[in-house]
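Across the two complexes that follow, chain A remains constant while its partner is chain B and subsequently chain C.
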Partner chain A sequence: MSFGPAMRRIRSQILTLIAVVFAATALTFAVTEILPGDAAVAILGDTATEADIQSLRQELGLERPLVVRYADWLGNAITGDLGRSYRTRESIAVMIGQRLPVTIELIILTQIIALGLAVPAGIIAAYRNRSGVDHALGSVSIGLLSMPAFVIGIGLIYTLSVALGWFPASGYVRPSDGIIANLHSMVLPALTLALAEFPVYMRLLRADMIATLQQDFILVARAKGLGVRDILIGHALRPSSLSLVTVIGINLGRLVGGAVIIETLFAIPGIGQMLVNAVYQHDHFAIQGVVLVVATGFVLINLAVDMAYALLDPRVRHGVDS
Partner chain B sequence: MASSRPFAFKVSMAAAAIGIALLSATALRAAEPKQGGSLSISLESDLPTLDPLGFASFNDREAGLILYDTLLDIDPKGNVVPNIAEKIEASPDVMSFKLTLRSGVTFSDGTAYDAAAVVKNFQRIMDPKNRCRCVSDLSTIDKIEATGPLEVSIKMKTPSAHFPATLADVAGMVVSPTAVEKYGADFGNHGVGAGPFKLKEWQRGAQVVFERNPTYWRKPAHLDEVVLRPMPDEQTRYASLKAGNLDIVMNAAARDVLDAQQQKRFQVLNPGSLATNFVQINMGAPDVSDIRVRQALAYSLDRVAYNKAINRGLYKIANTPFGTGLFPHEQVDGYPSYDLAKAKKLVQDYGKPIKIKLSINAAPVSTLAAQALQQMWKKAGIETEIIPLEQVQLVRAAATRDYQVMLYRWAGGADPDKNVHQFFHSKGTVNRVNFNNPEMDKLLDAGRATTDQAERLKIYRQVNNLLAKELPYLFLTYFDNISLVNPAVKGLTPIPDGLLRLHSVWKDK
Partner chain C sequence: MASIADVTPIARPRKRRRIELGVSLALLWMALVIILAVLAPYIGIQSPDEGDFTEVLSLPSAAHWLGTDSLGRDVFARAIYGAQVSLTVALGSVGIGLVFGGTLGLIAGYFGRWPDRLLMGAMTVLLCFPGIILAIALVSSLGPSVGNVTFAIGVIFIPAFARIARANTLSLRSREFVLAAQALGARLPRILMREILPNLMPALLSYAVVMLGVAILAEAALGFLGLSVRPPQPSWGGMVATERGNLADSPHAVFIPAAVMFLTVLAINWLGEAVRRLFDIKAQSL
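For the complex of A and B:
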């Protein structure tokens, strides 16, 4: 086993990480600047006089040029100081520390539910290619794919919560107040996001699986007399899951975007909700902090996906050119 | 699916019958309050702080009433009544006030509530460094001093008949001076007052939990806990009430209020309002500086149709800046009512083509409202361009008078003065409409110079008439702060500011 290519990959990923984080935060800083209105008005409210607004802008340092403010923020961020919220005076690092685990839990649960539904469905659809089951699953996934997540969410709230009373319609219970209660409060939001992801996963796996099932080694396995389950799960699933793994990785980033909507809909205190509030309130440092964390996370996940390839495909691990 | 419907219908009929039976049973023993229970109320967004210095929104003020008692309060009719101040007496020239504080009140941390604490509280609010949003409410104060253990004397710079009512709001929320000292800049995370509840736990973004204050000066509250839950999505708030995860939706949307009225599953608490929705006109801007144009804009507004289209007919049409909870409410002669022919004639008289730039908040409901206005004005031959702005930008444009015509809303104060003086006095701090009228200045100052209700009514009637004549505002509707309430919740009193007083609320469960 040679470590050369792997090390090189990791080194280049770290460089990518730095470049992406730099670009993302600089861009966000500029975009926030273009946003109409400003933090001083957001803080002072609608009976503020122009003089009040000017004096607060001075105090917050909003009068300094954009580049100076960005450099200032970046310098502090590198030393781990993400600043304080204009609005609540809370430390941004503390805010993110409280909210990030909530979003991570939401995303993990979403992936578990989405894969829990999509993997069996994808296998069945591939195995029973062009059957009634396949067509039914196809229609369901097209339906879900064409629905925005918040519509799915409102649908689930009205059926599973208002009509059936199985889950709370909104709100969040911390794990420290009971794991079961915590999961109970997270099922609906996670299911909402999962149903939006399900069709993508299902159809990808189905397509790859159909291709795999036509390969020689499956024929060999069949000839050996292995059962359907052994062939599908033992032999066909792993080689069919490469594109699925890639998409799961990319989707983690997309899910943060989904979390912005779903956390707002279900009143879940994650970083998605924090970002929305921060944008409404022109809370620059809060916006920057969230973007920093999300961008870093996104690059790290892609790195992890790269490593997962190595586990799934021996050719990547050994640096062999196919 | 189709076959299950009649069955579902039967089930729901049966459930309704049982529900009615239960409701009438509970009505019979509604008299004696039950102790305990937790009451959950939705907020539109998380609180920025628990320090009154940072309070602005409806949400913040509700949290304030839970934690702090106000010196004075208002009753269901909007009259100022005692609270933790027993009495307020004005001098005949309304240049000074004497506040007599209630004895036997303590802050929830054990600190004594006395004249020194109240004086400190006023000074804290008035310190410009603290940037209290309510500082303009106290702008006429000259000097405050403790003249007895429970007596505070306040000298004014100018006559201030409006002053007592401001003490029923944020400016009257008294914080514990020891807690302020102890927590310093971090006071906003703790919030210690003399209210019916005290802070138990604040999970940012998720909920703020308050527990009963056992030393409350009235009888301690019936409820064990009050939970405020920030829920930004309107649909989620109502769905959560329906699913039983929430007891009260404050500031409910018109659509949900109508649904609740039809379903009869929830109490609809309509306390009336202090507030109005209106179109404000920058009297210094082109075209609209001409009274004929303002009149044409007013006469072409079919506000009954507007209210039906935008608010499903729920709110009352407004002709004054004073909501139902203020005594000059609808005390006006000759506010223009819908008359398209007159509007067309005025446009003709004006002679030049009229181009209106209507600035609005970019929210969907404001966009619909603006389109309705656009249609109506078009019928009179007035072209309108809608300029959607984000809320913060809209406020800024208003503050800098960088607009021509703007769809706006003012939450309203407990004294008529607060709805007009700062906006229409030529020296008003937020005179956004460029209104400069010596007669108005005289009236607004006179309104502050007497505490005689009949006299003040006469004055504010003249204010209304002058507004109807000059039209700096085109009034649309009053805005009621309607709450939807789970039927198990008892003991709520509707107060026109729309905020809930929870000290004697209980849950029948």
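For the complex of A and C:
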């Protein structure tokens, strides 16, 4: 068994993705630079004197050229120092350290719910292709795709929280205050994001599954007299899940984007909410820090996806052209 | 496309009729929204900005077809003026994505080598940057306005259009008719614009239809964060966001604008599916 081609691909991926992190942070640095009213004005407010603003600009190092400041930031970032918030003087690394687990929890719960709904739905829709069930699931997905996540969220708040009172409408309970209460506060946000992702996963799995079910080895399995369940889950699911696995990886960016909206809607203190606040408050280093974390996360997830390919598809593992 | 219909005349006539009913309903709805949005200033619709404080959060009635919001403003009028914003942003941003993304993808796919690596590397960076975050950063730096929102959403659409154009160009550039044009000494612009581009259009346009809906949703998300048009100018996302506090007492003030947006995006997605079916023979024969 040779891991040669797979390793080569992973090595070149690492190089590309380092470039991605580098470029993404440089891009943010440039974009935050054009935010109106520089940080010194934002911190001191409109009533500050020109002299105060000048001295704060000196203190923050805003007088230096953009490239120098980026190089400076990058050098510090490599050693784990992401700077301090212009606003609260809090360490960005500490802020992210507190908030990142919340967003990770939200994203993991989202993926569990989304896949928990989409995998069975995709299998059934493919197996009963063109039946009433398939059309119903198709209609549900196109309906969900036609709503912004915050409308799905407001709909869930109205039904499950306002009308039925099952879940809190907003707010976050830390796991240290009780794991059950924590999960209870995360159900609505995670379900909201999951319903937004569900159609993407369901349709993808359905399409791949329909193609797989037409292949000869499924016919063989059927001829051997295997049950429907064995054929669908034991034989067809694994070869049908390649695109799904890719998209789950790529989707991380989309989910972080969704988390920005959903954390704002449900008042969840994750990095999405931190980012929105940082943008409102012109807190450049906070924006930079969140982008660095998101881009790095994206890199690592995609590496993991590439390795998962090898597990799912023996042809990739052995370097055979498909 | 007529040939496909000819070859499979027995392709479930009942089902085809049903699809056409859906498509015509979608077209009808879009026509209604577009006509009302375009003609809004001329057909005596109430002012979207002036509130009647004696009628706050009222239910739909003869005087206010879709009710009023928490400032007593007519929701029907606001929904129509909001449609102007949504439709302008959708057409503009998809146009930006289509023109710039299509051009970059065509160049990358046709020339290969370093232009390809350079352009697609840049696209990968843009793609992995959560789109809404880039849009938030751009709009908050440029200021909330229809033009800036259009620009921000258009920029985040470029990579996807570029990828589609590139992938299709790759499969087209060594086809016989392109080789024939090259052999006949056709100039580069002619090969790109007259031979390859027309063949890219089905894929790009059917994607563009779907992206119109995505653009409306993205504008709504920005509006929800307070980063679309400035109040009191109405936008669908902004309307939902401002009435969110009254969800328990007056859900209609939240759900009516949400429903208008939903039906519009649903109609676009429905048309997108129809266009995709029209162009995608493989899916049709599946």
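To be clear about the criterion, the second predicted complex is superposed on the first by the 318 of 322 C-alpha atoms of A that agree within 3 Å, B and C clash if a C-alpha of one lies under 4 Å from a C-alpha of the other, contacts with A are read in each partner's own complex, and residues count from 1 in each chain.
By our rule, a contact is a pair of C-beta atoms (placed from the backbone, for glycine too) under 8 Å apart; a residue touches a chain by one contact, two chains touch by 3 or more.
Quick caveat, the model's predicted, so the values are computed rather than measured.
Once chain A is used to superpose the two complexes, chain B occupies space that clashes with chain C. When the two structures are aligned on the shared chain, A:V68 is found in touch with neither chain B nor chain C. Residue contacts after overlaying the shared chain place A:Y158 against chain B and chain C alike.
Judged by the touch definition given at the top, the superposed model places A:V276 against both chain B and chain C.
In the superposition on chain A, A:T28 contacts chain C only, with no contact to chain B. Of the two partner chains, chain C is the only one touched by A:R254; chain B is not.
Legend: residue contacts after superposition of the two complexes on their common chain; A:L15 is shown touching neither chain B nor chain C. In the superposed pair of complexes, A:L145 makes contact with chain C only, with no contact to chain B. In the superposition on chain A, contact of A:E50 is made with chain B only, not with chain C.
By the touch criterion defined above, A:R174 lies against chain B but remains apart from chain C after alignment on the C-alpha atoms of chain A. Shared interface residues of chain A, touching chain B in one complex and chain C in the other, are 35-36, 154, 157-158, 162, 264-265, 276, 280.
Per the touch definition, chain C reaches chain A in the complex via residues 121-122, 124-125, 127-134, 136-138, 140-143, 213, 217, 220-221, 224-225, 237, 240-241, 244, 247-248, 251, 254-255, 258, 261-262, 265-266, 268-270, 273, 286. Within the complex formed with chain C, the residues of chain A that make contact are 16, 19-20, 23-24, 27-28, 31-32, 34-36, 142-143, 145-151, 154-155, 157-158, 162, 210, 253-254, 256-258, 260-261, 264-265, 275-276, 279-280, 287, 291, 294-295, 298. Those residues of chain B that touch chain A in the shared complex are 45-46, 48-49, 56, 131, 133, 136, 185, 188, 203-207, 229-233, 235-237, 239-240, 242-246, 389-396, 398-400, 422, 429-430. The part of chain A that touches chain B in the complex is made up of residues 35-38, 41-50, 52-53, 56, 87-90, 95, 98-99, 154, 157-158, 161-162, 165, 168-172, 174, 264-270, 273-274, 276-277, 280, 282.
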